[in-house]
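Just so it is clear, A, B, C and D label the chains in written order, and each chain counts residues from 1 on its own.
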Amino acid sequence: MLRFGVSLEKELLEKFDRLIREKNYSNRSEAIRDLIRQELVKKEWLEGKEVAGAITVIYNHHRRQLVDKLTDIQHDFQKIIISTQHIHLDHDNCLEIIAVKGMPEEAKKLADTLRSIKGVKHGTLSMSSTGMDIE
Amino acid sequence: MLRFGVSLEKELLEKFDRLIREKNYSNRSEAIRDLIRQELVKKEWLEGKEVAGAITVIYNHHRRQLVDKLTDIQHDFQKIIISTQHIHLDHDNCLEIIAVKGMPEEAKKLADTLRSIKGVKHGTLSMSSTGMDIE
Amino acid sequence: MLRFGVSLEKELLEKFDRLIREKNYSNRSEAIRDLIRQELVKKEWLEGKEVAGAITVIYNHHRRQLVDKLTDIQHDFQKIIISTQHIHLDHDNCLEIIAVKGMPEEAKKLADTLRSIKGVKHGTLSMSSTGMDIE
Amino acid sequence: MLRFGVSLEKELLEKFDRLIREKNYSNRSEAIRDLIRQELVKKEWLEGKEVAGAITVIYNHHRRQLVDKLTDIQHDFQKIIISTQHIHLDHDNCLEIIAVKGMPEEAKKLADTLRSIKGVKHGTLSMSSTGMDIE
């Protein structure tokens, strides 16, 4: 652990302290560490470092052959898929969450491909980190 | 299913067709449905409709009491948590993915609270949909 | 000016210092102040404080009556419009940049309305601040 | 102008029509054209095509030498700067809006550099288009 000083205008610091309380941080260092780490994770995705994340897809499982197709595609990308969690949102709708680890381009490609399938209503890609390069 | 006509400049259509191929869509209708659904999901989050999504957190499980804290918080929010998937990224780092369903404000609050904990390196919130109101 | 200490893991600090150099910051305090101010400006937009910003629109000025329509709308919103800058990008295309100051909802509404006009090719809304509440 | 048919579920179309009214579009074609053009502009920025946009900076002009520094930097980037609009927000705060046209990397670099200057409170970069490749 290293320690360094930060200078801040009094009013800016008061506003920052209010923000910290609203977001439940225990102290300023923790909040600042988080702001820095967010920037570093953005950088990992831009620079093509190995990353981790989650892909969500919402779909109606009654659609013919949709589940087969989703499974086929996941097998094509099995090198970057760690595991999949399946949730029955209601009688028709499923939420599938796919944990991924690999190159940013591959993760984006998998998210795009899943999203493009007829019957998939919505898809997202969470861009996170393997944590290896950020303390 | 309803059908309606769309007018597009020739060049814009050519560029759209190229985009469709790159993103693997099977046809124009499917690509347009997706663009529309994305806008509708954004609206659900803004207007406080019931939504679904995923929260990711990356952390070092060797941090003392961190796992306990993460579990405690998840219990406080158990009303909106459906299930949790835990992935061992390497010897130190874990990726935890929490499937949520509920009000946007609650989901954001849970994501903020998890992110604020000392030892959590990164957190994301995927804003998706219950699928109920989008075909 | 107030001064406080921040604790950071050695590796995280090294990565932060590299980021600071890449983004041309002169020191850590300045970079941290910027990260904090970005969060505060996001908050102003969410909480409906008075904000400032810029709306861009790209359009082909040869389109019949388009310029009239854009002018009419700007007059309807003159309460939040400070001034407008007009740039001839090429023989056909114009970039118009409208400086705005007012409530977030009004600024968004003006941006949406301009974007919706036939002939407007693209529109953006820069969400910035009046600077009054951030030092 | 070309015309093609789009198939949409009845409920999805009703929701889309509501969205169109809220955003003031005159018809479905115009709204769909806009969704498509937004995707194409994102692509221009990713693929390093020539783009246009606006950079905003908020600063306190009483800061010593700040105006000089901002001017110097703008001269270093004069190749991509078209013009600058200056607004006096209040006694202290200025909003400067710089219209740019050039490579995405250059525009981002200028925005980063301006943002990094001590005394600049906030900066944004609007990513728009030259309009040349989108009808």
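We adopt the following convention: contacts are C-beta pairs under 8 Å (C-beta built on N, C-alpha and C of every residue); 3 or more make two chains touch, one makes a residue touch a chain.
Keep in mind that this is a model prediction, so the values were computed, not measured.
Common neighbours of chain A and chain C under the contact rule above are absent.
Centres computed as Cα averages put chain A at a distance of 8 Å from chain B. Between chain B and chain C the centroid-to-centroid distance comes to 26 Å (mean Cα coordinates, whole Å). Of all residues in chain C, those touching 2 or more other chains are 37, 134-135, listed in ascending order.
Viewed as a network of touching protein chains, the structure reduces to one closed ring of chains, two contacts apiece. Every pair of chains in contact is given here: A-B, A-C, B-D, C-D.
Across the complex, chain C is touched by residues 23-26, 30-31, 34, 37-38, 41, 52-54, 56, 58-60, 82-83, 85, 87, 89-90, 92-95, 97, 99, 101, 112-113, 115-116, 118, 121-132, 134-135 of chain D. Residues of chain B touching chain D in their complex: 1-13, 15-16, 19, 28-29, 32-33, 35-37, 39-40, 43, 133-135.
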